[in-house]
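Each structure below appears as structure tokens.
In what comes next, chain A is part of two complexes: it sits with chain B in the first one and with chain C in the second one.
This part shows the complex of A and B:
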């Protein structure tokens, strides 16, 4: 009943890899947009914004991602019976909720790592809060955020394998299906691992290239590293 | 031009300014001297609301800073500030450092802002550095760019917070000479400084601060030549 691992078995794995990329890209982009808003809110002088953002970030960071996935996939449909979430949508929502909190924390750390003198110089010139953020603080924070941000994306790609538990056929789930069909878990999971590695290493190379390209003028010598990421 | 009445500032339980009264007239150059921790930088930073004011009143150019209805940013546009550590924007070229506030805060056109920035860079002797990034400049050059950046908003008052304290001794002079020119052109200036020679030569009045109060003030000749208070005498005997 088992057949050996053949070239044909690569196709579902490649498909799975594409779905993993699609999933992480969607969740990563939406999560980053929300994360930037959360990070900015967390460092804002407005107490309400600060509190809401801080509660969200801390709650999500304190829950295992698997629990978030289960909650969205099994819990949400019970809370809202009219809501029909596909497996892909559930996975995206869960990973987005997760990404937003982590990116929020990276953004907060990066904003706080911009030396206080930058903020003072901008204020002394008459910049209001949002202009200061846009023209002075965020351009510098963005560069600081790249290394931890890249680290987070790599983590997200690996963590996205957890959505296999709700049966969404991304790379890990595709691996377990192929492994069952072929009876050759060694070859299958070596290939799955290699695919994750290629994706993650590729991203870290892009990150390194970006750092090199923009790193020269990053900021003054008194730059501190972002704390608490 | 600047009127300060009974200004108090506390950080937590520490009272840093204990009731400052002072007036600066238009075109006047005032130097503030005193030991570390005397509150002179805090005093200066209260003049453009970089420090929140605990109590008392500060009136700048007719705007009451301590009135909650006053838009602080309107006042700040009329008050330029130069910092000890320059605080140039490291992600922008020199010319863009100077152009940014006129464009984004004052809203003037790119062409006008550029023309103005080029004039100011020429004035501080740094035209050839217009396309450099701040990190490639010496401390003295960075501070001169910082002065040009502050001047780009056409301030009526300039505040200097120990502008030469972070500089190597041999390049202090280039920054001071830019400041002297500015004083000669009639800019109203408040300068916190350890450069007693500069204070003596350029200031119309000198304030000596210690422990959060103005201990002594007067013309440079009076304060340096004939200090009345024993704390002033003690301080000057150490630094002169």
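This part shows the complex of A and C:
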């Protein structure tokens, strides 16, 4: 009935790993763009922008990503019957919604970590809000944001395993399929885990190298929080 | 489609039951994981090469792989070895092992943040060894660790939703049950999301309040 785990079974797993990377790249890039806007809005002097962004970030961070995935995949088509989202699109929307909130928090923390004197000096020199942001605050905040940003990418890759529940065949779902075919969950999921480990640990090494090279460590407790478990 | 929350009323008990299971699993995994985390931290920072290598490896492996894959390995892998595990045991084991890796790193960061110079200063001033450990190491380290640990508790509570994938009857599982019986998917998910949000917000508030009360002694110092 079962065939033992063989070299051929690696192909769907490698394919799944590629889809995981594709998914995370898409959601990560779109989410980061929205996240930067949210983070800047949260530190802006405008009350309305601040409130909206803060509500969004706190609500998303207080709900498990699995519930968000279920909401996008099962809930949205009920609210908008004309909307037809593929599994990939649903996965991207859910992970983007999540990424935006986490990047928003990272950006907010990094902007706040830039010494207040920088902002005051820019104002004293007659810089307007946007010029101050563009030339003084953001370049410094970007450097601070790298280590927690890398933590966020690792969290995103790990959390992307959850889109397996809506049947999108990324790495974890590919693992389930191969495990059912071979009847060998231990070998299969050890390999799946090893693939995640290679991707995530590799990225974390980049982060360590950056911290060593620049001497920038995460000092703020807020920025140290991992994005996902 | 008009939203109607009335259909959910008869299921209030099921949702609260799910919330209870989620919290219960989280509390046990947090307690067990924190103890295991202390051992991992001691192993990692200790003198034994073997122990420190094992602890570092454990921490990196659990922090760089998804919880879902860890749960699958336990839930589907253990029966392959002839050990049958229920979903609740699989979730408890998985969340505990996973949490231990994160708490170990929290302890490390908390203890490393206490400056060595303080201890040297204390001993130069003639403080006794036991007092130094208590007042100059453990108390400031506890204060560093506390907010990260409570935050980890909230993250773990949210992560317990992943247990629903291996059919742990916690809140997310209850939400999907209610959604499948009533076809009120949007309503069930939004009420469930609200429950998660309120509970994690209450936990965050509670932790901030406790922190303020517990560490009043440190308010003016920079230890």
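FYI, the second predicted complex is superposed on the first by the 207 of 229 C-alpha atoms of A that agree within 3 Å, B and C clash if a C-alpha of one lies under 4 Å from a C-alpha of the other, contacts with A are read in each partner's own complex, and residues count from 1 in each chain.
The rule is simple: contacts are C-beta pairs under 8 Å (C-beta built on N, C-alpha and C of every residue); 3 or more make two chains touch, one makes a residue touch a chain.
Nothing here was measured: the structure is a model prediction, and the numbers come from that model.
A.B. asks: Is A:29 contacted by the first partner chain B, the second partner chain C, both or neither?
C.D. replies: neither
A.B. asks: By residue count, is chain A touched more by chain B or by chain C?
C.D. replies: Between chain B and chain C, the winner on chain A residue contacts is C.
A.B. asks: Just chain B (first), just chain C (second), both, or neither: which does A:161 touch?
C.D. replies: second
A.B. asks: After lining up the shared chain so the two structures overlap, which partner does A:74 touch, if you call chain B first and chain C second: first, second, both or neither?
C.D. replies: second
A.B. asks: Quick check for you: in the superposed arrangement, does A:120 touch first (chain B), second (chain C), both or neither?
C.D. replies: In the superposition, A:120 touches chain B alone.
A.B. asks: Using the touch definition from the top, say if A:184 reaches chain B (first), chain C (second), both or neither.
C.D. replies: After superposition on chain A, A:184 lies in contact with chain C alone.
A.B. asks: Identify the residues of chain A that lie in both the chain B contact region and the chain C contact region.
C.D. replies: 221
A.B. asks: Chain A touches which residues of chain C in the complex?
C.D. replies: 1, 60-61, 63-70, 72-73, 76-77, 80-81, 98-99, 102, 109, 147-148, 151, 155-156, 158-159, 161-162, 164-165, 172, 175-176, 179, 185-186, 189-190, 192-193, 196-197, 200-201
A.B. asks: In their complex, what parts of chain B are in touch with chain A?
C.D. replies: Touching chain A from chain B are residues 48, 50, 73-74, 76-77, 79-81, 83, 85, 87-91, 100-101, 104-106, 133-135, 146, 149-150, 153.
A.B. asks: Considering only the defined contacts, which chain A positions touch chain B in the complex?
C.D. replies: Residues of chain A touching chain B: 115, 117-118, 120-128, 131, 135-136, 139-140, 143, 216-222.
A.B. asks: So in the complex, the part of chain A that touches chain C is made up of which residues?
C.D. replies: Chain A reaches chain C through residues 58-59, 62-68, 70-71, 74-75, 78-79, 81, 154, 157-159, 161-162, 164-165, 172, 175-176, 179, 184-186, 189-190, 192-193, 196-197, 200-201, 204, 221, 224-226, 228-229.
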